[in-house]
Each structure stands twice: as C-alpha cells, then as structure tokens.
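Shared between the two complexes below is chain A, which has chain B as its partner in the first and chain C in the second.
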Partner chain A sequence: MLEAISQLSKSYDRWPDQSNAVKQWKSEGKKVFGYMCNHMPEELLFAGDILPVKFLGDSIPIVEANQYHTVFMCYYARTILEMGLQKGLTQLDGMIGAYSCEGGCDIFQIIADTANPSFYQFITLPHDSKGDKKEIATKFLVEEFKVVKRSLEEYLGRKITAAEIQKAIDVYNETRGLLRQVYDARGNAERPGFTGTEVAKILNWIVEVPKDEANVKLKELLAEAAKRQLPPVKGLRIHLSGTLFLDTEIFQLIEDLGGMVVSDDLCMGSRYFWDDIKMPENPTVDNLILAMVNQKLEKVPCSCMCSEKVAEDRLEHIKKLIDKYQVNGVIFAVHKWCDSHAMDRPFMIKTLQDMGIPVLSFEVERTIGDAQARTRIESFLEMIGGNSSVTG
Partner chain B sequence: MYVAGIDIGSMTSKAVILSSAGDVLSHAVILTGTGSGVAQKVLDIALEKAKLTQDQINYVVATGYGRVGVPFKDKQVTEITCHARGVRHLFPEVSYIIDIGGQDSKVIRLGLHGEVQDFAMNDKCAAGTGRFLAVMAGVLNVGLNDLGPLSLEAKEPAIISSTCTVFAESEVVSRIAEGTPVNSIIAGLNKAVAERVYALLRTKMVSQIKLKEGNVVLTGGVARNIGVAKALEEKIGFPLCIPDHPQLTGALGAALIAIDYI
Partner chain C sequence: MSQVKTDKSKKSIEATKLVYPMVKEYYAEANKVVQDHSKKLCYVTGAGLVDLCWVYDNVLPLFPENFNAACAAKQMTPPLLEIAEGAGYARELCGYFRNHTGYLLEGKDKEDVTYPGGGLPIPDFLIADSGSCYFHLKWWRETERILGYKVPCYLIDVPYIAPRMTLDELEAHYLDYTVKQIKGALEFIGRITGRELDKDRLREVVRLSGEASALFEEMQNLRKAVPSPMGSEDALSCLMPLVQWAGTQQAVDFARALRDEVKARVDAGKGVLQGKEEKLRLLFDNIPPWYTLGFFNYLHKFNAVSVIESYTYYFHYSRGRMDPDKPYESLARKYLYGCWFMTSVRETVHSLIAKKAIDYKVDGIISYALYGCKIATGFLPYQAKIMQEQYGIPTLLLEGDMVDPRDYADGPVKNRVDAFMEMLLERKKQKS
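Up next, the complex of A and B:
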C-alpha cells in the first residue's frame, strides 16, 4: 500500500467526534454537518463554510439502537444510530437528511432526534423524475434546495452568495474529475496505479475531509501512482455492486485471492462522484441551484429512486464500466434488509448473465468476514477463472 | 507417485489418497472436533491404510472450511470446485450437484464439459444442513445415523413449519408433548431439510439444462440419511444418484486436482 494512502486514515475517523478533519475545521470556528445519503447537496454547505461529513457507519455491535428502530434495516444505518446513542456524534453542529430509501429516512430522523444537533433539515426528494415528470420534479427540488439555502443562511446569520456556490461547485467538480482519474489509474490493465483496496480507502477518506485540501492531496497521489511499478492484475478483474461497506475487507479479500476490484457502482464509490455539475453560463444563484438539481436528478441513480428505468439506467452505467475497465465478473454484495437494492438485483443479475457476464450475489450484514463469504468469492473466482482443474 | 486430497469440513474431516493414475488407495473420515491437528490426523489414518508415508505424497490439495489452516498443503481449492471435480469423476453425466454438509448446503450446476457454471450456498444459518439434523437428533435422543431408517417407518411426516434450527427445536418439543410418534417427527424434519435444499436447487435451475434421471447427484454427509434422500426424490420426481461414499467427493476432487499438478 502506498504510504501516503495509509496516512489518509489519520485525518478522519468513522466516528465523527474522533475525526481530526472535524476537529481542525471546528478549531477555526466553523461548523460541521453530518449526512447519510448522496442526494444531499454538499456544495451548498461547503459554500457556507460548513464541512459536510458523510456517515460511514462502523462495524460495532448494536446495543442501544434496537430500542429505537427495528432490526429489519441495513446494519450500516443502524450503526449510525448506535453511534449517536453512544454520544459519538456530539461534535456535529447539524444534520441534513435527504429522502433515500424508506428505512434510511426513518432512521435518519431518529438519529437527529436522539443526537439533537443545533441544525436539522430534511430534504424531500421527488422519487420519480424521468420523462413527463422531469419538469415538475425539477421545480420541486429547486424549491427544496432553496429552502435549505435559506435555513442555512438563517443559521449562519449571513447570505450564501452566488460566487461562493460557484466556487464550491468548482471545487467539487475538480474532486470528481480527480477521482475519475484515480479510477482510470486503477483500471489500467498493463500498469495499475492503485489497487482496489487503496481506492476504497481513498473514497472513505474523501467523503470526510474538506474537498479543496483533498484535491491537493489527490493530485499528489495521482503523481505518485504514475511513477509506480505495480504489476498487472494476474487474476480476475471484478466490478463490485451495492451501497457501501463498513470496512475495506471485501476489496482486500478479492486481492488476497489474486483478483482485484477495478470498478464499482457503490454509493461510496462511482455513484458518489461520477457525474459533474454542469456549470451554467450565467452563474446566478437560481441557475446554480438549478444546475445542482439537474445533476441530482440525472446522475447514476440509486435503487431507492422509483423513476421508470432506474435499474436500467444503473445497469447502463455498470455496462460502461465493465467495458472501460475490462471487467471479468460482477459481485453484488448488498446489505441484508436493503430492500431497494434487493428489488433491482434480480433484473440486473439476469441481464448481465444473459450478456454472458458471470455474477455472484450475496448479502452482507455487519462485515463480510466469515468463512462462507470467503468460500463464495473464492469459488466464484475459480469458476470464472476457468480453473482447468475443474474441467480436467 | 501419490497425491492426497484433504477436506476439512465443519463436522467431519476427510482424506483421500490416489495414485498418479487416479486409483483410490485409501480414504478416511474423522470428526473435526476442536483444536488443531485434525488434518494431520486424518491424513495419517489414510496413509496407514495405504501403507504409505507422508514423504511419499507428492502433492496435497486442501479444501473445505478448514482448507486455509492445513499446514502441509501445496494448494487450496474451494469445496465448490472440488465437489464438482470429484462428482463428475464418478458420474460423468452430472449436471446438478446437491451437497448437504454439516454447516452448509450447496447446489452446483455444471456445464457440458464439467465446468462450474453457477452455484448457490445456503445463507449463514444452520437450517437445511447436517447441523440442523444433528441438533434435532439430540433433542429426540436418537442416533444421527438412525434418522434415515426411523423416518421410513413413519406413517406420515409431522409438519415442521419452521426452517430455523432454534425455532424448529421448540416445535419438535411441542410435537413430542402432543404425542406425535418420534418417527413421524423425524420424517417431518427430513422433509423440512429436503424442501429447503430443493428451494436452493430451484434458484440455480436453467431451462437449457433440465433435471433428468442420472444428472442429479446428492453428496455430503446428509446423503447417507435415506429419509432426506427419499424426501428429495419425491420433490424432484425421480431417483437421485448417490455415491457409495457421499462424504468423500470433496476430498476425491481435491486429490484429482492434485494429480494435475504432479
């Protein structure tokens, strides 16, 4: 592992209260907000000098949270509630939720209720925004984002200007471009610049730190990667599909077994950054907000959206990545009780299999680290690796 | 030249020794138990039977849950791949393998050339596995090996609706309290396992490869339970192929793979 990537974990923590990035930001008298789902407009916060940190969850035992929420919910979200109940979110000044899956919305409100930050807002997101619904959905979300902006201004006691929003969008778009370069460097078949595990670590870090500083670091990492002499991946090149993981174990396991994750459509992966915000020619506040809304409604969708063709659109993204990064097989590792993703999965699996792409699918609960998951992944790699021993 | 296949499962550990020509020289099955050294123990028994010493073994492939911890292995291969190889060696026509082991049950679909096309494993839960039956045998105070023959004596199977080992246990207790004959309860349990595994098989069936007599093989320790085998045959509609030593196909496959490397 690149030393600089090992060092990244020093600047943040899965527990926001322990995060150095959070401590540093707050020592400058500035605010930190937590959020869960990618539908939250980070740029608006950053424009107001607020640091948005995504809840990463942690693979901790759940002790308190079960009193507040049913266990029929992904482990990820329940661990955030557990963190809050264990007084691990006290450094957060605010929380902004954005409509995602049913359970996600539900639990986010309980988290906010129990952690009681000084600012709380919930963004309702139109779930159906394609075709003839596009216009009304756009209008609706523009209003929602404007409400957020107004509430933030009231909270901060000052206006958030067009110039500040424009700058924030520039910074975030730069991050997105740099992350795509990171993916391209990892996906380079002859000379990969990064391993799958390293990229997963970069993604965990990037959602927790200020993006302007992170961009400087990302450029340094890319420069180091360009000088590196990593051997080509000997084993299989895997695309990983799902939401997020509470550690980087699955990436490491695939590498230990000779393969590598070279692509993904995780919400803590390519779905976090793949689509830029198109900067309007005339960057007024209204136009900038409209641009942010367009990006949210047009980006690679999450399964929790209900627009027609959500699974198809996501599949298109996966297919493009499969071609771009020469993927040999797809692994769906979805959280137990994540109903939205479970709903789309059979269709996506069938379509990929019909295209001749091998697929493995299993559910993850707290971590993937049990012997059975290992056997499944190892067998899958043996299966698509055309292990001649099997047929011999 | 000689090779060995070692299969360390959750309940039993198996070893098969082959000559380089593929002749079975010996095999052994022992309980895995706790502690280390089981791989060495099972190999030693097989070596003794084959009248060989360990340094005469040219290549060892380890498989099963304990494959990672076999100190003297030359290579580790998963049980999916090993079962596929072992079963196809015994039944060249096989397309579907149903393996019911101690800790998991699995279904493997093979293509025309014996390649693994797809597989499914039960979720991390003991329902539908050997462990389920072992727990129930304990509750009923009958030997594990008696579960099959006893169930054949039942007039009709009791209904065991719960697939969860823990809940099924209390269901069994209430059936006993109701006075349901023990053989009916056992027949009900065997049927519950068969139904669970049949559902797993259904997830991997494809229209291009139909189930037919001769292409479905049942392996794993539970294949020795005639009650489960019969209940499965009833669901599938024809007799299953069952190897003489259904527990050994993983170790056999591992040994066959070992031959490829000498």
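Up next, the complex of A and C:
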C-alpha cells in the first residue's frame, strides 16, 4: 500500500464527529452538511463554503436503530441511523436528502428527525427522465436545486453567486477528471499504478474532504503511481457492481486471492464521478444550475431510476469498463434489502453471462464475511482460474 | 408444498356480497376482450391512474395487485413466487411484484391451474404512477422487459412532498410536473386507442371519481361510531370497487350502497359483535395479509374489533371533492395525496395515524410490517414509539408479506395477538 494512501485515513472518519476534515472546516467557522445519496448537488454546498460529507456508514452492530426502523433496509443506511442515535452526528450542521431509493427516503426522514440538525432539506429526484420526459424532468429538478440554493442562502444569510458556483463546478470537475486518471492507472494491465484496495480507500476519502485540497493530493498520488513498479495482475481482473461497502474487505480479499478489482459501477465508485458537468458558455446562475441538473439526469444511471431501459444503460457502462480495463469476471455484491439493485440484477446477470462473462452474485448484510461471501468469491476465482497475488 | 394454515374471513356487511360478482364479471370481460379485441387492455397501479383509463370507453384497466391479492386469498401464490425467485428475483422484493412476475414468466402458461377470474390477460399497454411507491415504476419497467418491449408503457412520476411543504401549500412545480404527466398519459392512451381526448368525459370522470371518494369517506367517518358498524374484515373487501372503478358510476353506486348500509347500522346501533360488548377498538395499519383475512375475525374472540385501517384511507382522496372544472389539477392533487400518504412519514404519523387513532377511539394499533414494501414499512417501529410516547397508544408490530404465506406462522402470530389483547384489556381495566 502506498504510504500516502495509508495516510489518507487520518484526515477523515466514518463517524463524521471524529473526522479531522470536519473539525478543521468547523474550526474556521464554516458549516458541514451530511448527505446519503449522490443525487444531492454537492457543488451548490461547496459554493456556499459548506463542506458536504457523504455518509459512509460503518460495520458496527445495530443496537438502538432497530427501535426506530425495521431491519428491512440495507445495513448501510441503518448504521447511519445508529450513528445518529449514538450521538455521532452532532457536528453536522445540516442534512440534505435526495429521494433516490424509497428505503433511503424513509430512513433519511428518521435520521434527520432523531439527529435534528439545524438545517434540513429534501429534494425529489425525477425518476423517469429520458425521451419525452427529459424536458419536464429537467425543469422539475432545476426548481428543486433552486430550492436548495435559496434555502442555503437563507440559512447562511448571504447569496451564493454565479462565480462561486462556477468555481465549485470547476473544482469538482477537476476531481472527476483526476479520479478517472486514478481508474486508468489502476486499470493499466501492464503496469497498474494502484491496487483495487487503494482506489477504494481513495474513494472513501474523497467524499469526506474538501475537493480543492483533495485535488492537490490526487495529483501527488498520481505522480507517485506513475513512478511505481507494481507487477501486472496475474490473476483475475474483476469488475465490481453494487452500491457501497462498509469497509474495504472485499477489495482486499480479491487481492489476497490473486485477483484485483480493476473496475466498478458503485455509488462509491465510477457512478460517483464518471460524468463531468458541462460548463455553460454563459455561466449565469440559471445556466449553471441547468448544467448541474443535466449531469444528474444524463449521467450513468443509478438503479433507482425508472426510465426505460435503465438496466440496459447501466450495462452499457459496465460493458465499456469491461473493455477498457480488460475485465475477466463481474461480481455483483449488493446490500440485502436494496430493492432497485435486486430488480436490475437478474437481467444484467443473464446478459453478461450470455456474452460469456463469468458472473458471481451475492448479497451483503454487514460485511462480506457475514454474507459467507468469502467462500463464494474463493470458489468463483478458482473456477475461472488464476491464482497469483497482487502486491503493493 | 404443504398448505400454510390461514383463516378466511367472515363478513357482516351485505354490500361485500356485491363485490364478488362485479369482480367476476370484470375478469370475464377482460378475457372476452382478449378474444374479440373490442377494447385495449392495460395494466394500472393501485389507486392512481385508473381514472385516466375510464376517460376512454375502449380501454379496460387491469390491476395486477388485485390479481395478486386474489391469488393470495385462494392460497395460490407460493408456486408463482417460486418461479420469480427461480428467475433470480430476490425474496425480499415486494410480494405483489414476485407473484405477478412468476405469473408472467411461466404461471400463465400452466394449463392445469385455474387462476382467479380465469387469469390475468396480457395487456396492450402499461401505465403506472409512483403515488404509492417508485418500486411500482421499476416493476412496470420489468414487465415491459419481460413482455419483450412489445407493450408500450407510460409512467407518471409523482414527486415526494418534501417536509418544507404541506399538501395545502404545494410548490408550483410539484403540481405542474404532475399535471404535465397526466396530460402526457392521456395523450399516450389516446394514441394507443386512436381516440381524441373528450374533455367533457374527462370532467365527468373526475366528478364521478370525487363523488365515490366522498361517499366512501362519509362511510369511513360513520365507522367512528361505537359500537363499530363495520370491521376491517369487511372494509378491506369493499375496496376493490373503489380502486378498480374510480371515475365510473359503478363505483359511485357501490360506495353509496355501502355508505347507506353502514349508516343504517349506525342508526340502529348495530355493531360488528352483534350485541356483545365491544371491549377493544383497534386500528390496523398497512397492507393486510390477504391470505388470512380471518385474522380480523379472530380478534372478535377478545371482544375486539379492528374498527379502521390506514390502508383503506389511501384509496379515497379524502381532501374534499375533486373539481370537475379543474380536472388535471384535481387528479394531480389526488395522486400527490397518495404519494404524501405513503412517503411523508414524518407528517403522516401525526396527521394520519394519530388522528385516526384518536378520532376512532382506538385502544391499540396493529401494524403489519411487510418485508417487501420498504416505503410503507421501514418507519413502523418509530411510529410505534411515537404513538406510545406521545399519544399513549400501544402498537403490536407483526412482520410478514401480504401475498407470501410461506413464512406466516399462524400459531406464533396468534400468541402475540393474544398477549397484546390481554395487555390492552388489562390496561383498559386499570384506566377505568
């Protein structure tokens, strides 16, 4: 593991109250907001000098949260509720929800109700946004983003200007571009610049820290990666499909077994950063918001979307990544109770299998150990061959 | 597979006897239409959109949810659920979806099985709204895929009403977005049926839809009476006409007959327990286990009646008459109400559950947590806590599925009900 990547974990924590990035930001008299879903317009917050931190969840036991929410929901979201109930979200000044999956909408209301931050806002994401629906979906989401902007302004007691939004978009687009370079470096078949586990750690860190500072760091990491002499992956090159994980165990395990995650379509992976916001020629507030909305509605879709052929679109993205990063097998590792992913999965698995790509699918409850996935991954990797290890 | 022990319900309301022939006739018509193509068949989702179908006289809307509930009542769901699960759909998904998908994938081709109403025909088009859940939209998209993209589909994405708003003060873009999609859906149906939109007919449908709702609401209000004139075992069986025929005279006639009967019972002081003292009044919350509606009759053993449900409130737009002169806005408000009902849980716990519990003088709540239905279920433990701590009303939280009886354990469920009833009786004794 690159020393600089090991060091990243010092600047953040899965529990926002323990995060140094949060402490640092607040010590400058600035606000920190928590959010769960990627559809939340981070750039608007950053433009208002608010640090958006994504809830990462944690592989903790659920103690109190079961008295507030049924167990019929992904473990990830339930651990956020648990953190709040254990007074672990007290440093967050605000929370913004985005209605992506319905379980998330339901539990986020309880998280906000019980943690009771001083600012709370919720936006509805249009779920059917292709073809004839594009125009009205865009118009609706523009209004939702404007509501977010207006309510932030009221909260902050000042306007958020076009120049600030433009700058935030530039910073975030730069992050996106750098992360794509990170992926290309990891995916390099002859000389990988990063391991799968390292990239997972970078992704966990990037959503918790200010992006302008992170960009400087990312460039340093890329420079180090370019100098590195990692051997090519001799085992299997895996694409990982799902949402997010509460630790990096699955990445490590695959490496221990001789393979490597070289590609993904995770919420905490390529879906987070793959598509840039197209900067408008005339960057007025309205045009900038429209550009942000277009990116949300046109990006690689999340499984919660209900436009026609969403699973097909998701597959297109996966297929491109399979080619780009020379993937040998796909692993679907999705949280139990995550309906939208469970709906897309049968079709996606079958299509990939029909293309001759080996697929493994299992549900994750807490950690992959709990899901008895370890044995399944082992036999999957054995079945499709390859057994040498990746070091770093 | 072995039969799971469940109970059929016994009815006390005459109007329930009208329902079965109506449903039978409707399925017979659907199967006739398959042969003669006299109408276009479509799948619609519960509560919303059906009004839009009745605007066109050559459309027959079909409800997969009702078909699923009917399969459950006949104990026919397990093989269908297994087909869906065998095709890779997780068992944690909505039971309605799994049953319907099992039917579409293989079940419908099984010649040795007689399905309710002779089976659910394959439609000519699909329409759905997210008023109850986004899952519905995913489900319809999956149906579209299973049917090989040969059946066109239109979805109405009804937005979740964020906490900054109330139903009375909706932001303009919420209404606008919903209205535009309603217009889009009507155009879509018009294209498929080859008919121009008849605006007078649309207004008439809105008027009738509102009238049936208002009558049903009147009937619901009558149920506040002590003793309770109608329990959940009857009320749940009376929903279908309101769901299926919202926007038609048929629904109005049924709702009126039901209202009249319940009113007569209230006037005569006739209660569900037929003269026996009504010791406990309960609110049943969420979608019921359709395969064991006798559950509600079981409560009578304790001189208890489930006097009101949250579920039945979902299906009538209980916010005043719909305005035929503003047909699009009326329909939009109806669909937005549905979405609010299902999704805005922080508000509904107070303005819906607690309000009903107080208005109907209930002693306890039975919430049925459906593992497949994330939107209607996640919040229930918190709701129970709020109801206990802020309103002093206890909740029994049961878990299961509305159409999948495979995990249903009659004995343990009844043991829990027994203990809850005893606790409520004891509590009441101490209070008095």
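Throughout what follows, the second predicted complex is superposed on the first by the 382 of 392 C-alpha atoms of A that agree within 3 Å, B and C clash if a C-alpha of one lies under 4 Å from a C-alpha of the other, contacts with A are read in each partner's own complex, and residues count from 1 in each chain.
Please note the rule applied: a residue touches a chain if its C-beta (ideal position, glycine included) is under 8 Å from a C-beta of that chain, and two chains touch if they have at least 3 such contacts.
Since we're looking at a predicted model, the values are computed, not measured.
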item	value
First, second, both or neither for A:375, with chain B first and chain C second	first
Touched partner set for A:151, first chain B, second chain C, both or neither	second
Partner chain in contact with A:383 - chain B first, chain C second, else both or neither	first
Partner, of chain C and chain B, that touches more residues belonging to chain A	C
Contacts of A:363 with chain B and chain C, given as first, second, both or neither	both
Partner chain in contact with A:249 - chain B first, chain C second, else both or neither	neither
First, second, both or neither for A:198, with chain B first and chain C second	neither
Common interface positions of chain A, toward chain B and toward chain C	363
In the complex with chain A, residue positions of chain B that touch it	65, 77-81, 84-85, 104, 113-119, 121, 123-124, 256-257, 260
Interface residues, chain A side, partner chain C - complex	66-70, 72-73, 99, 101-103, 105-107, 109-110, 113, 120-124, 126-128, 132-133, 136-137, 139-140, 143-144, 147, 151, 304, 306, 308-311, 336-337, 339-340, 342-343, 345-347, 349-350, 363
Touching residues (chain side chain A, partner chain B) in the complex	363, 370-372, 375-376, 378-379, 382-383, 386-392
Residue ranges of chain C in contact with chain A within the complex	87-90, 92-94, 130, 133-135, 137-142, 144-145, 153, 155, 157, 159-160, 162-164, 171, 173, 176-177, 180-181, 184, 343-346, 369, 371, 374-375, 377-382, 385, 399
